[in-house]
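Below is one structure. I have some questions about it.
Every chain is named by a letter (A, B, C and D) in the order it is written, and numbering of its residues begins at 1.
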Amino acid sequence: MNSIAVVNYAPEKGSVELRDIPTPEIGSEDVLLEMANVGVCGSDLHQWTADHSWPVNYPVVLGHEFGGRIVALGDRVTGWKEGDRVVSETAAVIDPNNPMSRQGLYNLDPTRKGFGYGVNGAMTKYVRVPARCLHSVPDAVPFEHACLTEPCCVAFNAVVENASIKPGDRVLVIGPGTIGILCAAMAKLYGGDVAIVGLEADRSRLKVAETYGVTSIVGDATDWAMERDGLGADCIIDAAGVSATLKMALNLVRPAGHISKVGWGKDPLQFSLDPLVQKNVTLQGSFSHNWPIWERVIALMENGQLDVSPIIGGVWDLENWEEAFNKMHHGEVVKSVLKS
Amino acid sequence: MNSIAVVNYAPEKGSVELRDIPTPEIGSEDVLLEMANVGVCGSDLHQWTADHSWPVNYPVVLGHEFGGRIVALGDRVTGWKEGDRVVSETAAVIDPNNPMSRQGLYNLDPTRKGFGYGVNGAMTKYVRVPARCLHSVPDAVPFEHACLTEPCCVAFNAVVENASIKPGDRVLVIGPGTIGILCAAMAKLYGGDVAIVGLEADRSRLKVAETYGVTSIVGDATDWAMERDGLGADCIIDAAGVSATLKMALNLVRPAGHISKVGWGKDPLQFSLDPLVQKNVTLQGSFSHNWPIWERVIALMENGQLDVSPIIGGVWDLENWEEAFNKMHHGEVVKSVLKS
Amino acid sequence: MNSIAVVNYAPEKGSVELRDIPTPEIGSEDVLLEMANVGVCGSDLHQWTADHSWPVNYPVVLGHEFGGRIVALGDRVTGWKEGDRVVSETAAVIDPNNPMSRQGLYNLDPTRKGFGYGVNGAMTKYVRVPARCLHSVPDAVPFEHACLTEPCCVAFNAVVENASIKPGDRVLVIGPGTIGILCAAMAKLYGGDVAIVGLEADRSRLKVAETYGVTSIVGDATDWAMERDGLGADCIIDAAGVSATLKMALNLVRPAGHISKVGWGKDPLQFSLDPLVQKNVTLQGSFSHNWPIWERVIALMENGQLDVSPIIGGVWDLENWEEAFNKMHHGEVVKSVLKS
Amino acid sequence: MNSIAVVNYAPEKGSVELRDIPTPEIGSEDVLLEMANVGVCGSDLHQWTADHSWPVNYPVVLGHEFGGRIVALGDRVTGWKEGDRVVSETAAVIDPNNPMSRQGLYNLDPTRKGFGYGVNGAMTKYVRVPARCLHSVPDAVPFEHACLTEPCCVAFNAVVENASIKPGDRVLVIGPGTIGILCAAMAKLYGGDVAIVGLEADRSRLKVAETYGVTSIVGDATDWAMERDGLGADCIIDAAGVSATLKMALNLVRPAGHISKVGWGKDPLQFSLDPLVQKNVTLQGSFSHNWPIWERVIALMENGQLDVSPIIGGVWDLENWEEAFNKMHHGEVVKSVLKS
């Protein structure tokens, strides 16, 4: 049986199209998942526009933010059954014997490969998923929300696991994309006194951020960062990643303060890190997420502490993937979601 | 009464000479300290060769690594008496009401000024020292050693307070100057499995490092860093500070590993920090030291855990300051010490 | 000039009465504060009912939760002026040279003495306060609220500094007195999924707790603690302190979980701590507070994150101290406040 | 094929004898290990003398501190081959889907069962071991040492993972049994200034402790704990576990200090924990160990940082198990080791 899929078939710009693909065969420790919803990630857009910086195993089905129901199980899978509502982590392939994996940090296993670039992703009807990737989705959480567990986990890791916020800390998030807005929401939830800063072009996305009760700033965040005692912000989340935003972060963070860097930027830094030394600052990289983070984010959705609906700009059929991609690419929506 | 002093009198290269200066007047919360020994710091050399990057209040007596005896006390000083053997911290001027100071982190008070550049230092007979800067030196610790408490505190802060080493951690120190060697010694003392890496020109200083029981490496430390499991070193101390050494640190640190940056480098970084994100690495700036660190380092000297004698390349009279400076400047000795 | 004061004049039960006392003389580093509001603490009640366990310097003016305006300053006080609105910390007497004080932890200086038992407190018109105890109160925060900074700081220390809560952590607070309710409010603010448990007699105080958005439980909290995954609560705050509540905490905390003990209990524990070992649990004592905690709690009141009005059961003149004490003693109100 | 085994066959005191048992059958994820050496643990003695407090699955082969060579592998085992030199962790049975296991903390999975009481242990020729329990032993480490990896891991967890020692910290270990001595050795290795305290009857075991460069104390450790500044020890490791030793720990720990409790004691505490609150102390339970701890301890043995030979009091054939047990039971040796 064949199903349509959004396939990235070549490294050239624009090499994405709908194709018919066969239902995947599953191994003894896998399940077959019938996709309900899949979020469009910035990295899907980057592979489409061919400005990504990671190796892609062409042709590959896009999509790694997804949830659905289990429709078949490998013979060694325990703890799951047909019909279970689940979301899947993104680390489709890992080495279980790698020292990072043995400590529960398989997200930092250098051999890790993810859905949507390393193996076939979820922008299709049926996805093969290793059972170790699964998390149960309570009935109270609709798949349109649950499929966004993944970017919420990125934010949780950047703001909670890789920072240390205390109630009332002044937290400045740089960059109001999906990750930046979710970082701001998470920092707010964590007790922070939070602002998010962007450019003129980000005004509509900053409006979305404001629904999480955070202050939005266009342009220069210096006044906000220095407002309390003139020393700077307690914590800065760099969700943009370019040289200029890290420089801003170093300028605006207080002595003994903390910067979480979750945004990427392949260009060289154009400044010295001497302020990091002089102010005794922590600069913490944050990458991906692991099992306990997934469980926790789902719990936050279930108990109502975390609501992702403000960032969802629309839900499209797989057939209309290109409109969904375009809306997000042009900043008209923060996040596009597809359905099967 | 006048005494000779090693004075840095102007911003031009080589503007250091012996001058006669009057005995300082002390305030009600100061003591007058009769200097016994004073270490020569790289920053003294930098002011001499005029390649420093901080504001200097010319003319100024050099020297901020010092110990001696109290010979007079201001009327509000409690807890000290004439004849007490002491060393002095370096933060000669701070704002006690600054939020950093109120938390015991006066070393990070942006208004802080130190001996030897902001106010007169210790390369002379009598020094005015605020009583809050003093620490008692046990009889068992000679002044020639005690005067080096300051660089040991820099190392303690970089390796202990601003890192988190576990017994058996692979720790790589980059840069075998005074601070680098003391960082290696401290990491060894902390249970690390330690190596220090330098250049061909550093061979004699690497020999000194070896006396602390650490491995020395000339050139490429990759094999050593990858030896245990191929993932990299648990902790890297960048005591060099230039762009190339931080790049080396990012390459050689393991996922979820730690880099302490105690070395300075005013040139822009010439690479992207994406590996910091991808490997979820902590990059921690480390600056100066504070009261509990001083007490602890003195305790380590007293109980014999820390021996600074291997790094002392000689002791010179103040009159022979230039030879002491030259020996250290040319790398013939790790550390020069002066006596009054 | 004399003013009335609520004075605890002897160790016998009920030895509290209104007395006329002279305006205190201040030292060179003190201010004279004109009290605006003072909260009644459980420890004031304990001294009144003579079931306290600490030494009291009879006769002594009660009251250590207070704010007001500066009306006179010692000649060495800097940074403050007449008319400033302030609250005062409680550590009236400390040894500034004690190692704990030198690290900013003067609250743990064993020689510390507090207002209301060691030196005269604030249930009167004028109070002598060392300038180092002062914190500025923004105009937006009324004194009736600001005077409760102290118990909020106790809660902040117990929940934030002496625990480590992540968003969504299940946090169970035992004991709905002032400190318990404020701990629950703080844990909620910190992102916790919070419940507070009490007895039948606590129902009205549990109602007050609910205004902070936390779940209230009468009796057995086991179901709530085990609800998520059967392993127990992430964090338990024991604000009651007796043997039975710590046993409950050990039973309900999850493996590798955390218990903060802020409540006191002078009776011996009647059980073994083997579950602490077997579950690898942290039991953390929490005592008092220090400078950065006070600044932070005031910031939380100013920016609206923390509202103490729900716990205030009434405001009485000093003359009516006995009614204020009685209402609180009988659990009719959570917190009584006096005014001058 | 049958082999002899030291079997604990009933709950009555003394119910241990040599029996012939068949070679175990292994499952698809197990290996068959040919035992080289097995350490005698206090818990083996407790089952022998029937004063243990855990459920035992009679009859059961004793012994959970062991190493040997792989002689057969299940069909799904990867990464191992016949002849590999290995040691085995103790958690023979765990639920891999338990939330603790999913985070790498399977040692805290409440369903965990260990070798020697839950399933057959290693005091025999062949042992069935799940492959996930295995760790490679370098040729440089003899099995007589490697078999003691387990108690070293208990000490590492108590001193390193569940405490936080800085170089020069005054660390007091209470109780000079195997675990206490290894805790002292580990604290020394971690940079501590270490003492171990015991009773008159412990003098010979204290002598063994001294070989690790730590101070030994008979009776009252107060002077040692207060020696530096009168406030107490930075860290106390309670490896005895009874009520009296925890009381000693609370008395001798400094404000804001740390107590690791690794010793068990089934009797109720006979004192109040108010000093824990007043001194803001951390009391941390420490149980067992997990994968990264095992890897680390083996690395410490390999690089020479940790030498277990001082604690080994003799090596006996399985046939002479009773002498080995008796020597250790009567305190004539710290640790007995058996060989196959």
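Everything that follows uses one rule, which is that a residue touches a chain if its C-beta (ideal position, glycine included) is under 8 Å from a C-beta of that chain, and two chains touch if they have at least 3 such contacts.
Every value quoted in this text rests on a predicted model; they were computed, and no experiment measured them.
More C-beta pairs touch across one of A-C and B-C than the other; that pair is A-C.
With each centre defined as the average position of its C-alpha atoms, the distance from chain A to chain C rounds to 41 Å.
The distance from the centre of chain B to the centre of chain C, each centre being the mean of the chain's C-alpha atoms, comes to 42 Å. Listed for chain D are residues 99, each touching two or more other chains. Taken as a contact graph, the chains are fully connected, with every chain touching every other chain.
Across the interface of their complex, chain B is touched by residues 156, 160, 166-168, 186, 189-191, 193, 228, 296, 299-300, 303, 305-306 of chain D.
The residues of chain D lying in touch with chain C in their complex are 53, 99-100, 105, 107-110, 162, 229, 231, 241, 246, 255-256, 261-288. Listing the residues of chain C that touch chain B in their complex gives 78-79, 97, 99, 102-104, 291-292, 295.
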